[in-house]
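The first chain written gets the first letter, and so on, giving A, B and C; residue counts start at 1 in each chain.
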Amino acid sequence: MSHDNSSPKFLQHHFHDVEQQYETAKLGMWAFILTEVLTFGGLFVAYVVYRSWYPEMFVGANLLLDVNKGLLNTIVLITSSLTMVLAVWAIQKKNQKLSLFMLIATFLFAFMFLGIKYLEYSHKFEVGQLPGEYYSYMGPEIAHLNNPHIFFSIYFIMTGLHGLHVAIGMGLIAWLIYATAKGNLNSEYYTPMEMIGIFWHLVDLIWIYLFPLFYLI
Amino acid sequence: MAENQKQNYLTHPKGIMSWLLTLDHKRIGLMYLFGGIAFFFLGGVLALGMRLELAAPGNDFVSNDTYNNMYTLHGAIMIFLFIIPAIPGALGNILLPLMLGAKDVAFPRLNLASFYIYTVGALFVMYTIISGGVDTGWTFYTPYSTTSTSNVIPMTMGIFVIGFSSILTGLNFIATIHKMRIPGLTWYKLPLFVWALYGTSLVQITATPVIAITMVLLILERLLGIGIFDPALGGDPVLYQHFFWFYSHPAVYIMILPAFGIISEIIPVHSRKKVWGYKFIAFSTLSIAFIGFLVWGHHMFTSGQSVFSQIVFSFITYFVGIPTGVKIFSWMLTMYKGQVSFTPPMLYALSFLFLFTIGGLTGIFLGAVALDIHLHDTYFVVAHFHYVMQGGTIIAFLGGLHHWWPKSMGTMYNQTVANICCLGVFLGFNGTFFPQFLLGLRGMPRRYATYDQQYAELHNYSSFWSGILGLSIFISIMNLLWSLRKNNKLDPGTNPWGGMTLEWTHTTSPPHPHNFEEEPVLEHGPYDYDKVIVEPTFKK
Amino acid sequence: MDRLTEYLFPKQVSTFAADIDNLFYFIFYSSIVLFAIVVLGMMYLAIKYRFKKGDEVRLTSSKDHSNILEALFFIVPLILVSITFVWGIKSYLQMIIVPDDAIEIKVTGQSWFWTFDYPDGGTTLNELVVPSNTPIKIVLSSKDVLHSFFIPVMRTKMDCLPNRYNVMWFDAQEEGVYDILCTEYCGTGHSQMGAKVIVMKPAQYEAYVAELGSDDENIPLDELGAKLYTKKACNTCHTLDGSALVGPSYLQTSQMWGQERVFDDGSSTVIDDNYIRSSILEPQTQIVAGYQGVMPTYQGLLNDRELDALIAFLKSLQEDSQI
């Protein structure tokens, strides 16, 4: 493959050169990240409002969450962010094999995260710690609290939306694995990997906020 | 070369699939345009139905429930399916890359995806209508919207989906404006329409996610009773209002900023004069976009929020007014020592100045807390936002449509008919909405299907003129479409108004499929009528 | 000015109404000046510099700014809006600071009527009675969705929320009967959710409140029923002429007396005294086919004699229509 900037096959017709295409993609991605932050921002506001309305209920209800599983998930997700960085680094260094390995590792960590989340959710479904009207758990540790269903509404909406992002991320990473294995992504053109990497770090970052807000304080 | 001249984006390539799968921003823009106009028509028919019901005090034409459905759908369709997507989606898409000298927007596939997402959202709305409508008002205030038996879920789902279309368009435009300009086209040489789209896009990507999440919460409230907004479950309906207006006030600027952009293009071109206060107009666009995020509480002056909030929101509200006011003076002074032609786009721009000034000034009445308490949720508010949204945005949209019609379609409409229609729109609009200010002062509440006899005369007057307004808009659109008849093509080199921006000077009408046959070289600024003579050319 | 006020506004009845109207005039006249500058300036410039037939296209002036003008455009509106802002807040504080000696009346909005509870017991529906020249504190809430309590002649309004209380006040300066309107959309009957405020001399008010609930003992049942029909806001949703509004017309029900009525779940029942009684007290249990179950319960709002009276009134409609 030549280094002639005017006609590499990944350059779309409406761009001048590779650099412009790369810069544009990056700017678009950051704008998208801003949008994502504001989406979750709305929910964080809801969290803050209800926490200030029902402070005791929030403190009481978060004891019902499984801190160990939450912590484990935090570690899993941070590790997956690391493997994602390594995947991008490897492909920059022309080490496609290592990159592929790291992508697969990221994918598996993401899968593990959702698996642990599944265990947490299914326990809550069993005991009736569900959002809104479906809430039925009446354990002694929570009997004196007002409206615990609101805590679980917010918990399920925020972690659910985050989980959805993890699932979408897994789909994107699966596509990266495919494209890297086929050689469509390489040291000359790895923009999609870098962009999806940014997205993945955002997913990680949001969890880093969610974990203490729901499990710890 | 001769062969090449015949090639334009409308005719090349051919076939229905080449339209449905097109990545060409101009074709996507046209699809938005015709989609938007179709919904404009639907929303307009609903509006005329409402005016018919309101012509006399009782339930003379439809029942309360039907009326409530009509006004809800009128608001939702006009705002979410027409005004928000119309100017950025249609005119913005067609013009932005042309004005930047680019071959396309930054992400053409995403652009097509935005259009289809818009279509899916529109289908949800159509489904809502077919399956019996929705009666909550376009604001979907809780707890009415969580308890109403009408089809709230498909409607809010539609708005949620359309929100993504809006976000993706905004994102695409931001990347385009930053990265796709030709060399030499610096920020201060950009046409003001581009600045306006930039401000709009910033608001789109930052405010729209909040409405999306609000709609999700509303849907979940109905499905699962999550108790966030429902007081019966420990939630707070006023929180919903905060969420809703945090988006919907900035959304007003999503609707009006592109209109400012259009006016900033039309007036210099048709006055053949350098625009007055370029930098001021550009920066006031950005500052309005920013301050617009801080004033949402003025929609809630009677909700019982704290005195402190009332004072702060009232204060900041006035800060949006001042840059807007200076813009109006700048447009007016642009004509100073120019050569003003009374073409249809210019007449629309002058109507805009007249009507938008009334819309803006009546906003000052509503910003004063004590007076707003009397006027809140009355026809005064109805008249105010119609003066801003229709007298402002839709008039500017029609002006822009007439301005760029020869460019995008390569045909010229009958200018005399267009001028008469513009006058009809102007008179019909004032006749319809000015009496509503008086109704509001006298205490006539909005969203009433029936009303007291004392309001009958003004309502009747308003209904009469709404017919003239509707007819004028209808004829003006028909006049545009009629120009598309056979053998009415303009010469591809035509520049009927003597425009100076790249879309007029460096490409054909209608433009080449790839916009420019060769990359344009910037020779002058967008409004250098003091340095270069661009003769208007108008040939068949 | 007085004639203009008469044309533009409802009567000025509350103490602060005149001040608010004056604020309106201040903004109004400033706006007219600004508007005249824009429109006359625009017309002057457009006509003076119009492109005439036969004119040549030429280079135009490069003048595109003037620091003095721009500063003026900035400072003059700034001064005007500053005055407006301060005035708006000053008047607003007047509107929210309730005098200590105010009489407190509880207002409850419910789809689609208003209930007024007076300090010494006593309740009225859709008819708020207040003494003149006395501050009245209104404590607002809602039983279902949002409503907003608006008295145009007092220039004040406030939303009624289901989960908290809002407060407003006024001091009526003139006796009379004035409109109350609901200004927050609340569904089918929103435009019919009107009421009246009756301003009386304080002595009359005292007498009225003392008599509340006791004046109904001595009149015949069907006449009492006719009174209650409007007093308890039945007329918001049920007509007497056979046309359907939110609920079925009383006349229709009366004419069907002794016949089967079909409900939306397919069941049916014979229309008799017991059915009418339970349809008032438990309206949600049986919903007439073709209508929505939106009626609130009147449990606690009507005593037994009043229920008997409404039933008697309803029955009497059929006899009247036969004559």
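By definition in this document, contacts are C-beta pairs under 8 Å (C-beta built on N, C-alpha and C of every residue); 3 or more make two chains touch, one makes a residue touch a chain.
Quantities reported herein were computed from a predicted structural model and do not represent experimental measurements.
Novice: Name the chain pair with more contacting C-beta pairs, choosing from A-B and B-C.
Specialist: Greater number of contacting C-beta pairs: B-C.
Novice: Which chain has its C-alpha centroid at the greatest distance from the C-alpha centroid of chain C?
Specialist: Farthest chain from chain C, going by C-alpha centroids: A.
Novice: Give, as an integer number of Å, the spacing between the C-alpha centres of chain C and chain A.
Specialist: 50
Novice: Report the inter-chain centroid distance for chain A and chain B in whole angstrom, where each centroid is the mean of the CA atoms.
Specialist: The answer is 35 Å.
Novice: With chain centres defined as C-alpha means, what is the inter-centre distance between chain B and chain C in Å?
Specialist: 33
Novice: Where in chain B do residues touch at least two different other chains?
Specialist: 236
Novice: Residue numbers of chain B touching chain A in their complex, please.
Specialist: Residues of chain B touching chain A: 102-104, 106-108, 110, 167, 170-172, 174-175, 178-180, 205-210, 212-214, 216-217, 220-221, 224-228, 233-236, 239, 243, 246, 514.
Novice: Which of the residues in chain C end up touching chain B in this complex?
Specialist: Within the complex, chain C touches chain B at residues 8-10, 16, 19-20, 23-24, 27-28, 31, 34-35, 38-39, 41-42, 45-46, 49-51, 55, 57-66, 69-70, 73-74, 77-78, 81-82, 84-85, 87-96, 144-146, 148, 150, 152, 155-159, 161-164, 166, 179, 181-192, 194, 245-246, 292.
Novice: Note which residues of chain B are touching chain C in the complex, please.
Specialist: Result: residues 64-65, 68, 135-137, 141, 143-144, 147-149, 231-232, 236-238, 271-278, 280, 302-304, 307, 310-311, 314-315, 318, 321-322, 325-326, 328-329, 332-342, 350, 353-354, 357-358, 361-362, 364-365, 367-374, 376-378, 438, 441-443, 445-452, 498, 529-533, 535-536 of chain B touch chain C.
Novice: Please output the residues of chain A touching chain B within their complex, sorted ascending.
Specialist: Counting only chain A, the residues touching chain B are 12-14, 20, 23-24, 27-28, 31-32, 34-36, 38-39, 41-43, 45-46, 49-50, 53-54, 131-134, 146-147, 149-150, 153-154, 157.
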